[in-house]
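Presented sequentially are two complexes of chain A, the first with chain B as partner and the second with chain C.
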Partner chain A sequence: MTGFARLLRAEWTKLRTVRGWVAGLTAICLLIVGLGLLFAAASHSSCSNGPVEVPCPTPPLGPDGVAVEDRFFLVSMPLDGNGVITARVNSMSGQIRLPDATPGVRNVTTGVVPWAKAGLMVKESTEQGAAYAAVMVTGGHGVRMQHNFTEDVAGGAQSVSSGSPRWLRLTRDQDTITGEESPDGKTWTGVGTARLEGLPAKVRIGLFAASPGHLTVTANSLGGSASASRFTQVTALVDEVKVAGTTSGTWDTDDIGVDHNLDGTPHHPGGLVRSGGTFAITGVGDIAPSTSESTIERSLSGLLIALVVVIVVAVLFVTAEYRRGLIGTTLLASPRRGRALAAKAVVVGAATFVSGLAGVAVTVPLARSIGRGNGVFTLPVSTLTEVRVIVGLAGVLAMAAVLALSLGAIFRRSAMAVIVALVALVVPYVLATASILPDEASRWLLRVTPAAGFAVQQSIPAYEHVTSYVAPVTGYFPLPPWGGFAVLCGYAVLALGLAVHRLNGRDA
Partner chain B sequence: MEATIEVTGLRKRFGRTTALDGMTFGVLPGQVTGFVGPNGAGKSTTMRVVLGLDAPDEGRALVGGRPYRSLHTPLSHVGALLDAGALQPSRTARNHLLWLAHSQGLGARRVDEVLAQVGLTAQAARRRAGGYSLGMRQRLGIAAALLGDPPVLMLDEPFNGLDPEGIVWIRSFLRSLAAEGRTVLVSSHLMSELQDTADHLLVVGRGRVVADVGVAELIHAASRDRVTLRTSARTAAMSALARAGATVAAGEREAIVVSGLPAEAIVRTLGAHGVPFSEVSAHRATLEEAYLELTRDAVEFRGAAL
Partner chain C sequence: MRRELRAEWTKLRTVSGPIPLLLGTVVVTVAVSALAAGAMSCPAAGCGQDAARIGLFGVQLGQGLVALLAVVMVCGEYGSGMIRTSLTAMPRRIRLLAVRAALVSGLTLAAGTVAVLGSVLVAGLLLPGNGFTPEHGYPPLSLLDGPTLRASAGSVLYLVVIALLSLGVATAIRDSAVATGVVLGLVYLFPMVVLMVRNEDLQLVLWRISPMNAGLTVQATTSLPGMPIGPWAGLGVAAAWAVAALLVGGLLLRKRDA
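== the complex of A and B ==
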């Protein structure tokens, strides 16, 4: 056995032979599982249609398994094989419901929300969640090429206005769809290309319109904020519509994903009004990944309390030695002090990792199935993402342990080290996610403090093309998952380095 | 013989206090070396420097020819008892030794061996160290020092807190360790504790070595060819011997301490004067007496030097 392996074994023996520490390590796992399942069991979701309670609808899934919102108005015809559709979008107009000025009285204004969209689409079928590619004009983000809900490419920044229409063209060649735009129908610029794997020969091709809810974010009395989304609709005037390829030649209309009232009438229907060659298409809803349901990380409410236990155990693992003078014995057994402390860090980090991993790995699937029984839908993510969340959070706990241990070695006093670790890790996380601070301050905290590491738990990315309230309070972190984790690791390594420096520089 | 602990010119200050002031000595194997001096003389600091826990401002300390910090499995080179109270109270004695053993690549069997060696039963070893008496902690500390079967042992005040039985045990134990050829350095602030234990003495005061001397030699010097006489006729004996040219001093009860006259001459003189006596023996100073004489000289010497 090498010297370092011997030290690891010795530190592990130390850790496992103090009952309180073993209890703490076990508690890490149990707290995550217990509180997570308690939270899952206590969360219920009920849906009603008028006075009637109905099972909550689960969102449709897109081609790659992502839960999606697929609600829009489609004017299409079947296309067999390759084909091209061309059209001119002349204008977009609509209405937006605002917060009620007088309670109970609808407060509606005219206008188009930035991500209202209208344009051309090729879609596998009229089923919700079916594969598609579309080129479109938006209310405030110019021309875009989107496909399969999660993908979005920007074209020209110009939106339509009276007197300056946009020409759009969408070409299907096997499973490759190409979108182009033009100011005049003569000179064309490519916007984007999408490959829809396994697209059948027979698809739908046509025009569409959709308009996501209007999002308002208001500051609450504490300094945080709350958000609300309200009904909007858009009407696009489209003409010069030409379809080339093997088609039926007749237009069908589908109000995809529309809800129905109790009496069977559609709720907020879209629609089509044709006058001559002009199509006035009205759409409601959005074609986008769903972000409004529960996420896997929501079930990990026990994590924060587990983190407090991690900090206490890791700090005591080193400060107890200072308190009892045992550090002298440790350094007699390992006179190379940096290695002694590194062995301590590895052992407490690894033990925390294992306990945390067990807790998170059990909680995520169990909480999901409990939630399903309670009508709570958890947004599905890829296996890779789920593994990243589970392993990453165990890693966050492990790194928190290393950070806390290092602080313990630096301060040599339990109370001081625990307080500093809590202020570095727990306090910023709570402040940033509890709707207490303004969003900008929350983002700043989750960028510069060790709490940035929690970014690994974000399972649903913030899509630029989806209207949602993206802030720490809604589960969106300012740093990418591994980027945030790297910040935490940086702090842990820095603290460990400082602790080693201090241990080497002073008499034990 | 080569010294296994070598300390050369150690100096160390803690703030304005000089703890070590040119401490220099060597410790030989195969004997028990007493490291004595009043509290604050620098004994513990010297040991901590030798063991790499404290860094000296100047000088160097070697164990077996190497600095402690360069040793890979240090406990198999040096065993040390510094602070018997340095224990995690909730950990059992056996587990305390177990982690130490693991740090040196040793197993549980070695732990059980040293526990038996210091007389801690398996039952006692499974108890939490927090509930140990000071005497048991000393035994546990010695067990930890023995763990690596080291050729060098350094024990700081191992007699502290031991009952008389424990003191007897540790004396013979230290002697047997030295008899095995190990280097045994034992610090104490009480000279009497080292009586009949130490072969050699390092007397320290104010951060430096005051005397580096063999115990036999020291006691011999302190005894100075004196003879103890026991007699019921003390007055007659003292006057007769004084007349014969001896220096006499009344000792305790029936004893007289005679110097300046060999034992044979004393017996002859007393016989000639018809003075009865029950015992004539070479006077043997106690270690404590010898130490006090030595330190008195040292103090005087220091006074003169200033």
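== the complex of A and C ==
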């Protein structure tokens, strides 16, 4: 056995033979599973249609398995093979419902929300979630080319108003769709190209309009914040509509994804009014990935409490040696002090990782199926993302253990080390995500403190083209997942280096 | 009783932990309050902010150091074996705990008063610059104002309550790392757990029994009717936690071998 392996074995023997530490390590796993399942079981979701309670509808899935919102008004005709559609968008107008000024009285104003959109679309079918590509004019984000819900490319920045219309053109060539824009219908600029894998020969081609809800965020007195999305609609005036290719030549209208009232009438319907060559298309809803449902990381609420146990065990793993005088023996057996501490870090980190991994890996699928039974839909993510969340969070616990161990070696006093570790890791996370601080301060905390590591748990990215409340309170971190994790690792390595330095420089 | 008090005071002031902790409490509380007051703004009338609560924000972090004071005082003795000497010299253990409670309360009261007065003063200077002006409905922070006085005095009492809670937990647990974890977990993580519960009735119940959430309602000066619990009742909840912790700690101190 080499020297370091022998050290590892010695440290592992110390760890597994102290009953309190084994209990702590087991508690890490049990806390994650227990609290996760408890919260999953206590969460219910129900929806009502008028006075009747109905099971909540689950969102449709897009072509790549992402849960999506697919609600808009489509004016289309069948297209067989390749084809081109051209049109001129002349204006966009609409309605926005604001929070009620007088309770119970609808407070509606005229206007267009920034992500209201109208333009041209090629869609596999009129089913919700079917593959599509579209070029569009938006209320406040200029011309965009979007496809399959998650993809979005910006074109020209100006929006339409009376007197300055925008021409749009969408070309289908096999499974490649190209979007272009033009100020006059003569000089064209490319906006973007989308490849829709496996697009059948027969598709729908036409015009559409959609308008996502108006989002308002209010703080509530319990320390959380409530966001509400209210009805909006957009009406786009489109003319000079030309379709080239093998088509039927007659327009069909589909109010895709519309909800129905109890009496069977559509709730907030879209619509089409044609006068001469002008199409007035009214649309409600959004074509975008769904972000409003529960996420896999929401079931991991026990993690934060497990983290406190991790910190306590890791700190004790080194401070107990000082208290009992065992440190003298340890350093006698391994006079190269840095290696002794490194062995401790590896052992406590690995033990924490395994316990945390077991806890998280069990909780995620179980909480999802319990949630399904309670009417709570969990947004599906790719296997890769799910593995990243599970392994990443176990890594966060392991790195927290290394950080806490190093602090224990630096301070040699349990209480001081525990409080510094908590203030570095737990307090910033709580302050940032419990909506105690303003959003800007929360983002700053999650960028510069070790708590940045929690970014690894964010399973749903923040989409620029989706109207949602993006802040740490709602689970969106300022750093990318592995970027945040790297910040935590940096702190852990720095602390370990400092601990080795102090261990070498002082008498034990 | 005087003898015990003197002995405990001598121990407390001659070890290296407590005095810097008390100074740290003052510095951290005032600094964090100042940061909060500098960061918040009120661009127009009806911005819905609670100026007193912002000005006393530092208490949220200061309480962590206050909690540590009791942990250091109690658990340090178990770590060094001093506890056996203490109990030989002062065999009436409940009296010992009472003396410690009195000492911790007194010191926290003193440090807390300085910290809270400093916070109110600093916030009073900073907030008007960020739009908390009389035109926007915010008269200058003043202790002559009833609710602000209640929030300030209540914050000092809250710190004392947290110190006593910590004393009880530390006496019961004896190990400083575990005791720190339990106290800070109880204070800081309970609010997180409350936020994570999605059942609203359960959330409200948990909010009302959470020591930090309920205890800090004493700082609220606006939207009081919307609060799940009244200011003094909230402080009472935190005090109930402290009493329970002291009872358990006292019982264990009597029953157990040191």
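Everything that follows uses one rule, which is that the second predicted complex is superposed on the first by the 499 of 508 C-alpha atoms of A that agree within 3 Å, B and C clash if a C-alpha of one lies under 4 Å from a C-alpha of the other, contacts with A are read in each partner's own complex, and residues count from 1 in each chain.
In this text, contacts are C-beta pairs under 8 Å (C-beta built on N, C-alpha and C of every residue); 3 or more make two chains touch, one makes a residue touch a chain.
Everything numeric in this text was worked out from a predicted model, so none of it was measured.
Contact with neither chain B nor chain C is seen for A:Val54 once the two complexes are overlaid on the shared chain. In the superposed model, C is the one of chain B and chain C that contacts more residues of chain A.
Once the two complexes are laid over each other on the shared chain, residue contacts for A:Leu331 go to chain B alone; chain C is not touched. In the superposition on chain A, A:Arg19 contacts chain B only, with no contact to chain C. Within the superposed three-chain model, A:Val426 lies in touch with chain C and out of touch with chain B [touch as defined at top].
Judged by the touch definition given at the top, the superposed model places A:Thr319 against chain C, while chain B stays out of reach.
In the superposition on chain A, A:Arg9 makes contact with chain B only, not with chain C.
Chain A makes touch with chain C in their complex at residues 35, 39, 42-44, 219, 221-224, 298, 301, 304-305, 308-309, 311-312, 315-316, 319, 323, 413-419, 422-423, 426-427, 430-431, 433-434, 436-438, 440-441. Here chain B touches chain A in the complex through residues 48, 51-55, 68-75, 80, 82-83, 85-92, 95-96, 98-100, 102-105, 144, going by the rule given at the top. Listed in rising order, the residues of chain A touching chain B in the complex are 1, 3, 6-7, 9-11, 13-14, 17-20, 320-321, 324-326, 328-329, 331-336, 507-508. Contact residues of chain C toward chain A in the complex are 36, 39-40, 48, 60-61, 64-65, 68, 71-72, 75-76, 79, 175-181, 184-185, 188-189, 191-199, 202-204, 207, 213, 223, 226-228.
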